[in-house]
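Below are two complexes that have chain A in common, paired first with chain B and then with chain C.
This part shows the complex of A and B:
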């Protein structure tokens, strides 16, 4: 059994990198808006199906489907936020979080209404796994990994070097002070939702590329996504990446001991263990 | 038709019991429990399995409460130091964990096929209509009893202390209240009540399966508690009735709008329920038990 460990480790790193994409989106929104937006779970589904429509219905290549997934989930995210969540924010984080679960129900069923409950697959060429030493890796996995790393690099560059990124970090640190400095926090909040949900939708597409997609896709991944963000420290971008790696490798390694049915429960285990020792996650909140 | 109305009444009653349980945790204790479906399932499976195993139904229900309550205490104990938003994520995860176990531990739960043949009180001696009537009366009596108990709890010294700590934990601790112990107790008590609701569900329908315990249940119950407003026990009961009225009212959607498949009708109903929760929250935010105001600006 132990000779499988390197393979699990490799799978875990790839899965962790994919998981990091939606986790970073979730975390970025949390850092600016200060509430856990649970509708991330269904926005991942929205992204996966937007990508499906672009890829299968319109026949676009995967890279263009990624762009479609980003834009559709970003726009829908902003609409949901404007209609349902922003007016509630003054009543506290929990009220808004609960309303965002209502958002999950609505969005998931909109997808179900349009596409039905059936499993669907992307239009991808079948290719043989690459083998080296005793390890196997699919070319699609490598593509996904590269896309995930590319997105991550763009996010870091935007947060680190652009005016928008600086403004977002300022609002995340101290909204009152940022407002005094002439930063429009409502506008920044809107941008955070646009980019956050866009990234989440792209992440949903990447997670769906590996196998079939159905309206429950995002919901199946909600535990690992939230676990990644919480384990690293809510609102911290490096934390979300670190958390995603911990959860991704942990889930794959758990296959040594547990039945695959409990893979997604590993995230829950990590949440409880890490939070028992560090109630604010490994890196703490808002570490940039 | 009479049977349908009685069944609707029973469901409304069970939702009212869940709402009353959530009200103790959320309304009084100020803690969020999005894992409601998990406690509902724990109660349902415990009571179903132990009564099939030969335990009298009333004893099986008590066992369900004890086990759901103990798990609630354990979860609360583990999460004592967590802020509300972290607690929301952990409890949501707990609910999903229970659903995974129910779907995969075939030796115990029979997996996704579910458990059938759960005994109901005097089911063998009564006609189906008589059984429905008996159970409806039983549920009404139980809802009134739990409503009365939780109303008294709210007014009792423990209830007042709980509300104080929901408002300001530090102040309550300074005033010498055993804050941590009380939070665990409130969570355990509420979880036990929710578990009881689950037990009743199984004994009425004689069938349970993991699919019944989707997080959607939590939405329904939060909708009930929110619609009822103020977090008072009467509001929780009233809210449950409103939610069931909406759910049952939309059942006939398919007849009104032609050419829609069953999946599309079901999707439309859930879209409606989700939107309704948002609308009610927008209209009556003061009906919610306020989460402690954050120091962050409201952006």
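This part shows the complex of A and C:
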């Protein structure tokens, strides 16, 4: 069985990279707004279906579908936030987080209303895996990995080098001080939701590219996404990537020791272990 | 105090109005309440709507013809969300608030298992489309019957037929479910007796990818892989196996590789997959009628079963002369089997109910044993060719 370890590690890296995209979006929003926005579960679905509509209904190539997924989920994310979540923020993170769970149900059913319950697939040619040494990898997986890496590079550059990024980091670090410096925290919060949900939607599309999509797509992946963000350190972008890798590789490599029936338990085992020893997560700076 | 004294003109006008009203509005008494409890959302969400619609369609026809025992039938529909917890909540509401005498159409064994105790404790009849053998072993006091053949019967028939094709190495892959252990045990016994190597893998349902599971399964170089899961998992597995260049046979239950799965994947991925399904009574009057109600060429097996559920309940009520869950339980077999006149719908059967009827429906003969299992089944084998299942003989 040990001969399968390199293949399991490769599978884990690819799965981890896919989880990293929505986990980064989730974590970025948390760092600015300080509440876990659980509606990412259905925003991933919204992104996957927006990409589907662009790709299959309009015949756009996948890269344009990625843009559509980003924009649609970003705009819907801002609308949901403005209408339902922002007015509740003054009542505390817990109230807002619970309202965001209600958002999951509403959005999922809107998708179901428009697209129905059936599974759908993107208009993509399916290609056999490439084989090298004793490993195999799908060309689509390589594409997904590249898209995921590209998105993460853009996020990193935006946060690091642009004024908006700096302002977002400032609000994340100390909202009071940022406000004193003339940064409009409401506007920055809005931008964080726009970018965060856009990234989550793109992540949903990437998760859907590897298989079929249905209205439950995002809900199914929410737990590993959440696990990745928590393990890496809520609020930390590199942390979300690292956490996603830990969860992705951990789940796949667990097959060496455990029945595949217990895969998800591994993600939670990591949460328990990491939080027991380091409550702020691997790269998290604050313990929330 | 003024007293209302009807004069002759008022009485005549009233009588005329009564005669002009449709038959059902003249029916006396409160409506008979029946429930459909199908998966409208969740993994079974693609089956539920037509299961519900066919039942409502039958009731509409019967209502238009005057109802049962002179009473209108009211259908209350709810959604199991393909989740046992949600199904139990819905069933509680149907039983406690609506007071239905029968719940029809529960799908997936975990859901029927969760709902069944509520049914027998409240003396409500439960008709399900679930195949797990454990269901009819529950102490249900006769309140549960199923139109889906039990899984031992189904898997034994399928495994026996498939084993004749001479496969050398077989892997069973599926998630944990009440159906899994029975299925693995049956396949193992039959294939090992036929000289094949057999192994099984229980994986976690609803994962994004099963690449590592596929890598593990392919170590045994199987020439047949049997799927034991539902549609969402099958889609991922089919794609992963194709990408891994697996060339052997794949066999799956019809619901695991259904038209939705086939439509969402390229033809080369699904070509050659063999599906097994308890055959509805293709070519029967009942099956044609169920398909006609749904406006489709051929009703799916679950909708065919639901067509039978509602017809059986209505006939049993008519036979009993009352509408309680207990009455349905006690008289279901009087109308589903025996020497009576063969009928394929309640509409037809209600006219002959006093002479005795034997209902044969859209899903089959509907002959039940004491446990509530159907005793006869025909297995339908199909091979997927260019995105269409084509019937084959094994």
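We take it that the second predicted complex is superposed on the first by the 277 of 288 C-alpha atoms of A that agree within 3 Å, B and C clash if a C-alpha of one lies under 4 Å from a C-alpha of the other, contacts with A are read in each partner's own complex, and residues count from 1 in each chain.
As a working rule, a residue touches a chain if its C-beta (ideal position, glycine included) is under 8 Å from a C-beta of that chain, and two chains touch if they have at least 3 such contacts.
Worth saying up front: this structure is predicted, and the values here are computed from it rather than measured.
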* For the three-chain model obtained by superposing on chain A, do chain B and chain C clash or fit? -> clash
* Does chain B (first) or chain C (second) touch A:70, or do both, or does neither? -> neither
* Have a look at where A:271 lands relative to chain B and chain C in the superposition and call it first, second, both or neither. => first
* To do: Considering only touches as defined above, state whether A:189 meets chain B (first), chain C (second), both or neither.
  => first
* Asked: Between chain B (first) and chain C (second), which, if any, makes contact with A:52: first, second, both or neither?
  -> neither
* Asked: Does chain C touch more residues of chain A than chain B does, or is it the other way round?
  -> B
* Based on the superposed arrangement, let me know which partner A:112 touches: chain B (first), chain C (second), both, or neither? => both
* To do: Please work out whether A:261 is in contact with chain B alone, chain C alone, both, or neither, and reply first, second, both or neither.
  => both
* Please work out whether A:175 is in contact with chain B alone, chain C alone, both, or neither, and reply first, second, both or neither. => first
* **First, second, both or neither for A:26, with chain B first and chain C second** => neither
* Structure fact -> Running into chain C, out of the candidates 24-32, 114-122 or 276-284 in chain B, is stretch 114-122
* **Shared contact residues on chain A - chain B and chain C** => 109, 112, 117, 259, 261-262, 264
* Structure fact -> Per the touch rule, the chain A residues reaching chain C in their complex are 1, 4, 7-8, 11-12, 15, 18, 109, 112, 117-121, 125-129, 136, 138, 207, 210-212, 214-216, 220-221, 252, 255, 259-264
* Contact set on chain B toward chain A in their complex -> 32, 34, 78-79, 81-86, 88-90, 92-94, 96-97, 100, 103-104, 215-216, 218-219, 222-223, 226, 261, 263-264, 266-268, 270-271, 273-275, 277-278, 281-282, 285, 288, 290-294, 296-299
* **Residue ranges of chain C touching chain A (in the complex, touch as defined)** => 40-43, 45-46, 175-176, 201-204, 206-209, 211-213, 215-216, 219, 231-232, 235-236, 239, 242-245, 260-261, 263-266, 268-269
* To do: Could you please specify the touching residues of chain A with respect to chain B in the complex?
  => 32-36, 38, 83-84, 87-95, 97-99, 101-106, 108-110, 112-113, 116-117, 171, 175-176, 179, 185-186, 188-189, 222-223, 226-227, 230, 234, 259, 261-262, 264-265, 267-268, 271-272, 275-276, 279
